[in-house]
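Pasting the structures here.
Same chain, two partners: chain A is paired with chain B first, then with chain C.
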Partner chain A sequence: MSVLRPLDKLPSLNTATILLVGTEDALLQQLADSMLKEDCTSELKVHLAKSLPLPSSVNRPRIDLIVFVVNLHSKYSLQNTEESLRHVDASFFLGKVCFLATGAGRESHCSIHRHTVVKLAHTYQSPLLYCDLEDGASRPCCGQPMRHERKKSPP
Partner chain B sequence: MNQQDLDPDSTTDVGDVTNTEEELIRECEEMWKDMEECQNKLSLTGTETLTDLNAKLSLLIMQVKCLTAELSQWQKKTPETHGNVFRKLTFSIQIQIIPLTEDVLLTLGKEEFQKLRHDLEMVQSTMESKNEKLKEDLEREQRWLDEQQQIMESLNVLHNELKNKVETFSESRVFNELKTKLLNVKEYKEKLLITLGEFLEDHFPLPDGSVKKKKKNIQESTVQLITLHEMLEILINRLFDVPHDPYVKITDSFWPPYVELLLRNGIALRHPEDPTRIRLEAFHQ
Partner chain C sequence: MDSYDASESTPRQSTSLRPEDYFIGATFLQKRLESVRKQTSFIPTPPRRKIPHCSQLQEDVDPQKVAFLLHKQWTLYSLTPLYKFSYSNLKEYSRLLNAFIVAEKQKGLAVEVGEDFNVKVIFSTVLGIKGTQRDPEAFLVQILSKSQLPSENREGKVLWTGWFCCIFGDSLLETVSEDFTCLPLFLANGAESNTAIIGTWFQKTFDCYFSPLAINAFNLSWMAAMWTACKMDHYVATTEFLWSVPCSPQSLDISYAIHPEDAKALWDSVHKTPGEVTQEEVDLFMDCLYSHFHRHFKIHLSATRLVRVSTSVASAHTDGKIKILCHKYLIGVLAYLTELAIFQIE
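For the complex of A and B:
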């Protein structure tokens, strides 16, 4: 199906699935790796996607949390995110969506104003996190709030 | 069918455990059936996507609906099933439904207490090790302090000793000392000269008429011969008056044998180019 729905399948046992949507593969990969390194009692599966809609041919478990990764250095990233948002079911936004803005540290390279992302997050009633994925130290710190979000979202 | 982890441990009666197990399994199966029903219902509902314009409003409306639904659920459930709800106090509220029988409560309580005890033991051991370290540090510092104090004491003693030794500087005393030194040295010099003079007179007299007159053909010198003492005086004075040219011309008043004596014994030296000049050996250099 072309629209991502939160409750289209039964949940998998003791597992949570996070979907990372973003234009930059390398960043997504790094983020996924650092998140998987975190210790947690339940299992975690991370899916990466460049944009939505996801190809329907793949059999995937139920998605518990979508993270839209917006790179503040590229307008294309924001555009991609905005387009992908249209393929998400409305009920996802009741706590199962999170925005992640990267590259806010280097102000000179930011082509998207922070305010834009803030407004976006506000419109969709979802939390916004900031992260600088180039800096290795901040990656595990970033992974933590993600798991937090996942735990917060109603199962 | 999925089984949840069975919490109650084998501390309770086996019969009780089996009962609890069975109850849990039963409840799980019921819940799973409910879930499947709900899932079916849900799959029938349509999807709805948002645009930027209507996103906020729609979401807020949805949130209101969800919250009111949740609220009514809570209100409904609270009187009947509070015994079935076990709420863990974390940031999020996870609802686990475990039948709260006595054994379950007991076991859970025991677990909690054991955890607590373990944590406290860890804390205690860390504190003890910290204490030990602090004690060691304190001892070490104390020893260092003692050593430093000892050093200070010995330095103080040294300082006092030196202070006492240093005499006050007085110019007049130094002057007087120098004067006395000078006088002593002068006296000594005089004594030496006198002794030298006497010695020379005794052992190296001037030839007088006691020379045998065999060598008559030798012309009697008309010049008055000077004593060895005088010769030496001339040489010494020359050496100290004109240090860069301490040579003295041998005159006829020098008795040749004495000149030879001086030369042979290394007391005087000839001028390297001029055999008629001699100088005193510089014994003082």
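For the complex of A and C:
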């Protein structure tokens, strides 16, 4: 049961690693694909995880940015995120964590009130982004803020 | 969806709105800006508290008069305020709407085989369906089939019923001027074609706008908790929930029925503050049901979508369909629906 720490490994040269945490595999896969399609000077690695803690047996590079994907249609994804947040070291929240809420467009399917995720992001002092991954047009738009967040964090 | 994106930048936005106040002055527009600003506030709001339904006007509701409202499935719509609507002109409106319906049907826009073109439209007010004295009176529109034979003086069969009401609509009433009548909740029962025709006439005559009112899972769970909290002498129906599991090719439905007294016992163990229902209590109530189900079936109901809630008080479907079973809590049910309708309008 390891806690994710931001500086426990040496950074890799010219590479950034983003960890996406969320319950829905298809959603994470789409997001990862759209992010990798974007053109960038440095190399980008995207890891997907259903929840934290991550298995310690796997050899992985240092994580530069964690994105918690919360599906507003599913209370389970919010509970999963809250559980996973416990396994993240406090120093990660200095600009290396981001929340992404999906499904806000279909208001009739929402099980979670918007204020709940706003309060969550506010509590953890991390930015909250909204995205609708079902709509093909918004996927590349979503990838952009992700890379911006990654650029903000020190390499 | 601008309101969602704006939440991130609202701290900057709110400071830029303040100079506007001095220029516009205390007008209707300023009040609208205030309400918009409140809604997009970045500061998280405290958990919502609702006072369950005890209106002093409830005694005025004659059970006989509202009996026709119960045990019927109503389709919900939200309606923007009506411009220059007058309760004294109801007979005039009946005539105009009657003529409109006959004209529309003869145009062939809504032709059904064997339909009777002899229809009569009646507008009437329904007294007592309001939350406070400020709320405008509810009124009813009915389409009756007129009997073909002149000798028979009987009232025809009711083909379509629609009624407009407003319960505790203070937040909307404050923002509109005198010429408007606010009746944000519209309920219809009957053929879709008739609803469309009536809707068109109202939109043309009173410059208003109907939109279907869908109820999302979040609000359905609130309704489940509030209605389970209602004290009933005897229960007429089991408490039932229906979830839709998103999976391909066909979605799966999960139905969960509980004995109403067990549901009430669960609610009583969760409920702390008397007279109020909080977000935590609703979440805990639903989480108890989810964890019980998970223990037995290893399925996370919280990952599915709540589609239908059915209790002895009322039953509601996410598509905006409601059936009220208990006249005692009629006002309470309508109050929550009015709030949802106002939220949709704003």
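Convention: the second predicted complex is superposed on the first by the 154 of 155 C-alpha atoms of A that agree within 3 Å, B and C clash if a C-alpha of one lies under 4 Å from a C-alpha of the other, contacts with A are read in each partner's own complex, and residues count from 1 in each chain.
Definition applied: a residue touches a chain if its C-beta (ideal position, glycine included) is under 8 Å from a C-beta of that chain, and two chains touch if they have at least 3 such contacts.
Please read these numbers as outputs of a predicted model, since none were measured by experiment.
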What does the overlay on chain A give for chain B and chain C, a clash or a fit?
fit
Between chain B (first) and chain C (second), which does A:10 come into contact with in this model arrangement: first, second, both, or neither?
first
Determine, under the contact definition given at the top, whether A:87 touches first (chain B), second (chain C), both, or neither.
first
First (chain B), second (chain C), both or neither: which does A:122 touch?
both
Touch test for A:77: chain B only (first), chain C only (second), both, or neither?
second
Report for A:53: first if it touches chain B alone, second if chain C alone, otherwise both or neither.
neither
Minimum Cα separation, chain C to chain B, after superposition on A (Å)
13
Where on chain A do the contacts from chain B and from chain C line up?
122
Chain A touches which residues of chain B in the complex?
2, 35-36, 39, 42-43, 47-52, 55-56, 58-60, 62-63, 66, 90-92, 94
Residue numbers of chain A touching chain C in their complex, please.
23, 73-77, 79, 104-105, 107-115, 118-119, 122, 127-130
In the complex, go through chain C and note every residue touching chain A.
1, 4-5, 7-8, 42-45, 214-218, 221, 279, 286, 290, 300, 302-306, 318
Of all residues in chain A, which touch chain B in the complex?
1, 3, 5, 7-10, 13, 82, 85-91, 93-94, 122-125, 148, 151-152, 155
